[in-house]
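Each of the two complexes below includes chain A, the first together with chain B, the second together with chain C.
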Partner chain A sequence: MTESKRNAGSGGGGIRMLNILDRPLATKGRGVGGSEVSLSAFSFLFSEMVQYYQNRVLSIADLERKLEEAGYGVGHRVLELLAFREKQYRREIKLIGVLQFVSSTVWKALFNKVADSLERSTENEDEYMIHEREPITNVFVSAPADISQLNCAAYIAGIISGVLNGASYPAGVTAHHVAIGDGQREKTVFLIKFRQDVLRREAALSG
Partner chain B sequence: MSSSSSRSAATRAGDQAWTKMSKMNAELFNLTYGAMVMQLIRDYEDVQAVNQQLETMGYSIGQKLVDEFLAKSGVGNCANFREVAETLAKVGFKMFLGVVVEVTAWNAEGTAFSLQVYDNPLADFVELPPQYSGLVYSNILCGVIRGALEMIKYQVECRFVKDGLKGDEVNEIRVELRQMVDESFGEEYNEGA
Partner chain C sequence: MFLHLFVISRSGGLIYNKNLSSSAPRLTVNEWLVLGSTFHGLHSIAAQVAPLASSGIEKLECDNLKLQCFQSRTGVKFVLTAEPGTPDLDNVLHGIYELYADYVLKNPFYEMDMPIRCDLFQQGVERLIERNSRELKKARSDA
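Up next, the complex of A and B:
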């Protein structure tokens, strides 16, 4: 949906279309922190989205896949936006660098906070985890007992995957519930599994 | 011009409600909506079916949204359709989308008006290619208005008459009152045996 349009002539209705590539990308002041909308608007929209997918899939895993696919395109676009806006942006060539970019810069841009924590898995070399206590997709979600494993943050997992793939670090990202204990709501852990060639490249670069 | 005192009261209520709402990044909201529209286009392939589906989803949202609106905005009952229009534009849109909307073009009977939406957060990074010129990208808003108003007894029809994505200066939604919804309970609720 990004073909460039020719400017319409100034005769007739006097309508002149700005080529989409010429429109300003700077944040407009719709709220204090740049452009903002209410969390409720997003939650309503997201809930409709989940309900729409729910009618078209047969299992929880499929629903999470659909949400991840939806987030994937968003992730690519977010990467482009941030690369444009960050004044000192240099392409990350280290794995840990791109993960820090995701957990701080991307998180700050999307959710106005940094991710709760970034960890490396002890069992597998190619796995990393980002912890987030209350992803905005899950704030108003309560799943019934029979589909309690559903984590709508699969949408955010898709965004992360889109960012990483766009930055040339192909990875599969999934969202999981992790119990905290002492009665609190479960937190979400995004499990990032990098493809083998990424690890080989990383080893070759640092070796 | 309708009474300016009621308009500014609505604007103040809208601003107050907006400050109390928790916020999130508008670009993520915008991209999420884009992802959803793209998915609908992939699934339906027919532009009119997509428009209809967007309106239906908006209707479902509107029915729930009006509850939150009434709970959080603190506005009292609206006396007539004109007040409904002002409240919808100044408080409703402001509170949820953070945008300023004007009510214009009342018809003679006072049963239809236009909403001028200058800044549409749904359509920020969007361009419509020629093969989708029939797509009403922000049709979900029409559904939300219809759903919300129906819950407060006004049955309306909404449609976009001007769309910023198609070259117009502003977005304009025409809202037309069809009838007042008569709430009637089922027979089992009738009092008396």
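Up next, the complex of A and C:
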């Protein structure tokens, strides 16, 4: 679904509307031809998806898991598509490389910007964090007070997890709210926890 | 100076209300609800008794009050009252409509026709009113 963000173009202004499936797969960037879907279209669809899951789960944690599952498949496809578009046919073998791929290439493809920051956790070696001030899944969402800990960016966390798993860097990814004070909106942190064997492999490769 | 804002659902229930200035009369919850649904009734009477096809009350001007109503395609009414002589209620109403379309309708936790409890909508309205009040004040002091 997120992928369609790029493909469905405005196509207005006298330009012939092209079916989404007829567009060249390799087209990227903005403008005529390969372009973006409107934020509204995405938001309505995403909103319906959240409502659909909300009627089928018992707890907030389950709802987040459902959103993560929905994003997971998107992540796999995004990885495949971007590898094709960016002509990166070689497998990424550095942990930091794959993280940068996520926070810049994937982010640019999906959100048309790079992630606000990518950090390594100071406490745990296997944890990395991607900070995002306003994930597009949260732009129009105000959760009621009783479920304020829910972060709809769990969907994006699922996408990240899909990309990483597809790239043979299995990791669990979760989305969290973090207060930044001075009356601003909470930002979102994606916590990426790699599996132990990923770190062992990384150590073996660099050692 | 803007006074009150009502948002009335298509079935006539008040779904959002806000005092926009400290000089506006304070209304109790009941008064808000009564005023909201009374306006809804008057609005539909006006539409029905009009000799030509009419969309109901759009503007009311009195000696000490100006009221303007904007009805969306789905029948949600945005009603704004202001002191007489306040220009440009249209712009503000459209701004509020836009905020409603964005922060209420795209919010997965909002149920149609229920009272609006969306933080982002609330903040948006506050910011919009603040900005417009400032411009009004500036325009007045320039004149």
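As a convention for this text, the second predicted complex is superposed on the first by the 175 of 207 C-alpha atoms of A that agree within 3 Å, B and C clash if a C-alpha of one lies under 4 Å from a C-alpha of the other, contacts with A are read in each partner's own complex, and residues count from 1 in each chain.
As a working rule, contacts are C-beta pairs under 8 Å (C-beta built on N, C-alpha and C of every residue); 3 or more make two chains touch, one makes a residue touch a chain.
Everything numeric in this text was worked out from a predicted model, so none of it was measured.
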First, second, both or neither for A:140, with chain B first and chain C second: second
Residues of chain A touched, compared between chain B and chain C (which is higher): B
Contacts of A:118 with chain B and chain C, given as first, second, both or neither: neither
Contacts of A:110 with chain B and chain C, given as first, second, both or neither: first
Which of chain B and chain C A:71 touches, first, second, both or neither: first
Touching partner for A:160 - first (chain B), second (chain C), both, neither: neither
Touching partner for A:81 - first (chain B), second (chain C), both, neither: first
First, second, both or neither for A:63, with chain B first and chain C second: neither
First, second, both or neither for A:40, with chain B first and chain C second: both
Shared chain A surface residues [contacts with chain B and with chain C]: 40, 44, 46-49, 51
Contact set on chain C toward chain A in their complex: 102-103, 105-109, 117-121
Chain B-facing residues of chain A, complex: 1-3, 5, 8, 13, 15, 17, 20, 28, 30-31, 33-42, 44-49, 51-52, 56, 70-71, 73-74, 77-78, 81, 109-112, 136, 155
Footprint of chain A on chain B - complex, ascending: 18, 21-29, 31-36, 38-40, 43, 57, 60-61, 64-65, 68, 95-99, 119, 121, 124-129, 132, 140, 167-169
Complex interface listing, chain A residues touching chain C: 40, 43-44, 46-51, 54, 140-144, 147, 152
